[in-house]
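Following: one structure in C-alpha cells, then a few remarks.
Order as written gives the chain letters A, B and C; numbering starts at 1 within each chain.
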Amino acid sequence: MKKYTSVQDVDNLEGLVQEALHLKENPYKYKKLGENKTLGLIFLNPSLRTRLSTQKAAQNLGMNVMVMNLDKEGWALETKEGAIMNGTTVEHIKDAAAAMGQYCDIIGIRSFPKLQNREEDYNEELLQQFITYSKVPIVSLESATRHPLQSLADLLTITENKPAGKKPKVVLTWAPHIKSIPQCVANSFAEWMNQADVELVITHPEGYSLADEFTAGATVTTNQDEALQDADFVYVKNWSSYEDYGKVLTDGNGWMMTNEKLQKTNNAKVMHCLPVRRNVELSDEILDGPNSLVLEQANNRTYAAQAVLKRMLETM
Amino acid sequence: MKKYTSVQDVDNLEGLVQEALHLKENPYKYKKLGENKTLGLIFLNPSLRTRLSTQKAAQNLGMNVMVMNLDKEGWALETKEGAIMNGTTVEHIKDAAAAMGQYCDIIGIRSFPKLQNREEDYNEELLQQFITYSKVPIVSLESATRHPLQSLADLLTITENKPAGKKPKVVLTWAPHIKSIPQCVANSFAEWMNQADVELVITHPEGYSLADEFTAGATVTTNQDEALQDADFVYVKNWSSYEDYGKVLTDGNGWMMTNEKLQKTNNAKVMHCLPVRRNVELSDEILDGPNSLVLEQANNRTYAAQAVLKRMLETM
Amino acid sequence: MKKYTSVQDVDNLEGLVQEALHLKENPYKYKKLGENKTLGLIFLNPSLRTRLSTQKAAQNLGMNVMVMNLDKEGWALETKEGAIMNGTTVEHIKDAAAAMGQYCDIIGIRSFPKLQNREEDYNEELLQQFITYSKVPIVSLESATRHPLQSLADLLTITENKPAGKKPKVVLTWAPHIKSIPQCVANSFAEWMNQADVELVITHPEGYSLADEFTAGATVTTNQDEALQDADFVYVKNWSSYEDYGKVLTDGNGWMMTNEKLQKTNNAKVMHCLPVRRNVELSDEILDGPNSLVLEQANNRTYAAQAVLKRMLETM
C-alpha cells in the first residue's frame, strides 16, 4: 500500500478488516516488521485519539515515531506552484515534504479543511502535494474531505457487533452542533459503508446533502424517524452544509439522538467518532448506557492504524 | 498500586523508599517489566523536571511513552456531570479519560489548581474523574493539592543525607515569591514527612497556615528563627494563603533563606523542589554552596517515578 | 567529544566526515552504543530538519530521545549571574541546565540570536552557560552565531559530489530575503570550508561582511558575477548585516540565484540549508532542476548528527 487516503486505496477491504481484527488479538506479533523504520506524524490541526492510537499502532509494530505539530510552530506552508515567496509562508510544501520524506519511512498527516472555498478543500491540494513530493507512503490522519482511519475503525466495530445472519441496517444521522464542522467523517463513513456488506441509510435536515461521490447507492432522507426504523447501528455526526459550503443552516432542534428515538430501532448500537458534544449531539443516557459503542470505536482506532501501517511496511 | 495521588496510596512507605534507592543503583534491571506497556503523560500545565524524569523512569523500565500537552492544544475539558455542551468545552472528561485509557496502560496527569475557589480545587475533581473514567492506574504529576512524586523524591534525598543515629529535624519554611503559588508542594511535603521517621516543624508568616489534613502532628510556628534551631534539613518553599485562598498577603521581607540564617541550624542541608526564584526565595550563596541538595532532589525524581511505575506494572 | 559547537571542537575533520559517510552506509551498525542513553533536545526556537534528523540519528544509535520545546512553554530562563529573580524569568539557566543534565546523557540545544545587540549574541551566553552547568556533552542545534550540524552535512554533501582530481571552488553567495536573518549558517559554512580542502569565495553586497573570525583566508568580493566564474558549488544564503547589526540594508535586487547566473559556473551544484524562500533567494528552475543538492544536504543532516553523537557516546 503506497497511500491510505480513502477506501479507494484499499484493494481488499474484507482482508484489511480481518487483518486488523487479527492484530487486535496479536498486537505484538509483528514487532520485527517495523524495526529501524520511522513514522513521522505531522499535525496541522489538533488531535487526541488519532495521535495516540496511531503512535501506539506504530510502537506495536516496533517502529520509531516522530511527531511534528506544525500548527503550533507557525510553520506556514506555501502550496502554490511558482509562488514568489515574499509573504508569510516560510517554506514551500515541495521542499518541506521532500525533506521530511528523507527522515521518515512513512508519513501520517492531518490537515483540516478551511471551510471557506469548497473547490479548494475538495481538491485536497495539501494531501496530494505531500503524496507527490515526500516520495514515501502517506497515511491520512484526516484530510479536508475524509477520515479513513476512523472509517476503518468504524467498520471493525460494526463487524464485531453486527447481528448474526442478516445484513445490518446502518443509519448515519446528522446531529446538532454549535460550530461549523467539516464533512470528513460523514463523507468517509458513507464511502466505506457503501463498500461494506451493509444497508446504508443517511438522514439529515434540508440543505445538508453530502457530495454524491460519497453517498451514491445509499438511501437518503430528511425524515429521521423513518430512517431509524429497525436500524441495527446508528452513527451520529454533525456536519456543516456542503451545498451552502461550510454554513450552519439550522440549530437542529429535535435532531439530537436520545433513548426515546432508539425505541424505533432494532435496539440499535450507537456510534460516534468523538469528541462528542454531550446533550447536544447525543444524550448522556445513550453515551453512558449499554447501547454505546463509542469506546470500542476509539479502541479500534489502534488496530485500524496498525493494519494500514503493516501493509505499508510489507511492501517496502 | 492502582493510583498514586497521595501518601495514602502507599501501603509500605519504607518499602517504596528502599525500592527507589535500589532502582537508583540498578536502573535498567527491570527493563523487561515495561515491555509493550505504554505510559501516557497528560499535561494541563507546563512541566520540565516532572516531564523529563517521569519519561526517563518509564524508559528505564522499557515502557513506551506518549506525551499530550492538552494545555497547548486548547482542548478544554468539561467536568460537570450532565452538562449541555454548547459552550467552550470540546470534550467531556468522561469521554476523554475513557478514550485515553484505551491507548495507555498507565496515565500520568498534571493539573494545577486555579486558586479561585478553594472547595473546587480541594475536591480534586479533574484528578478524581480521571481515576474513575480512565480505568487504568493513574499517577499524579502534581494535582490541585499535592505533588506526591516530588515528595517521594524529597524523602529519598533526606534518607540518603540524614545524620546517623538520630531522628532528623526537618523544617519546612515559607519563602517569598512574586506570584500566587499553589499549596501543593508544601501540603504534600508535610503529609509525607508526617509519615516518615523525622521531626517536622513548619514555619510561615501569619495567614499562611496549611490545611490541617496535611500538617496535623507537626509543630507549627510563625517564628522562623526558633523553627530553624538545630535543623538538619530546611525545605524552602513559597505558597499562597489557604485561609484567604490563593492570596499573596505579604512581600515576605526577611523570610528569604540565607547563609546567615543557616548559622542557627545544625549545618542543615537545604532543599527546594525547583524552579526557584534566586535571591527571592533562596540566596545564590546557598544554592551554589555545599549545603544545597536541590540537584540531588531533581535527580531522585527519576527513581521516585520509577519505583511507582514499577509497582503499578507489577500488579498488571 | 565533550561539546560540538563549532569546527574548533572537531580534532580530526576528515575523520569525522569519513565516519559520517560510513554511518550513511551502515546506519544501524552501532545500535548497541546508545542503549540506555538519553538525548535531550531543547528548542528555544522552531525547528523542522534539525529536530527530525537529530532524533533519527539518535534512534539509529539506539538512544532514547526526549524533546523539550521551551519556547512554547513560556519557560523564560534567567542568564544574569546574581540576578534577583522578581521579574518575568521563571528559572535561572544554572538550575535548569543542571537539572536537565541529571536526566540526559547528551543535550542538544537550539537558541537563535535576538539580533538586537551584537556583543550579547556573539558572546553565546546561553550556549556557554549550558555547557558549564549541565555537565553533560552539549550539541549545538544552531546557536546565536553558528550551525555546526548543518555545516558538517554541507561538507558531507560537497565531499560526495566534488569533481574528481581537483580542489573544488566553493562560492558562498548572499541572497535576498524579506526578513532579518541570523549570520549563523553563513558564519559556520565559512568556518568549515576554511578548514576543508576547497577554495572558498564569499560574495555579498556592500555592508554584509561577516566577522573575520569566520572568513579569514577566504576571498571576499562584492562582485557576484566574478565570484561565480568556474564555481563547482554555489551555496546560497541570506544573512542580515553584521556591521550594522541585524539590519536589512538592501532589497537585494539582482542577487537571486538563477539558471542564467549558473552559466558562468562550472555547471555548479547549488546548495541551500532550507527552508528556502523560492523565487526570492533561489529560482524554482534551480531548485527543481538537476543542479540542486538541497535534498541531499537535508538527508546528510541525519548522518552528520549521528557521527557527532557516536563520538560523544564513545567517550562516555
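The rule we apply is simple: contacts are C-beta pairs under 8 Å (C-beta built on N, C-alpha and C of every residue); 3 or more make two chains touch, one makes a residue touch a chain.
Only a predicted model underlies this, so the values are computations on that prediction, with no experimental measurement involved.
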Arrangement of touching chains [line / ring / star / complete / other]: complete
Angle of the C-alpha superposing rotation, subunit A to subunit B, to the nearest 5 degrees: 120
Centre-to-centre distance between subunit C and subunit B (centres being mean Cα positions), rounded to whole Å: 39
Contacts with 2+ other chains: residues of subunit A: 72
Touching residues on subunit C, where the partner in the complex is subunit B: 36, 38, 40, 64, 66, 68, 72-75, 78, 82-87, 90-92, 94-96, 98-100, 102-104
Sites on subunit B touched by subunit C in the complex: 27-28, 46, 48-49, 51-53, 55-56, 59-60, 72, 178, 274-280, 284, 287-288, 294-295, 298-299, 302
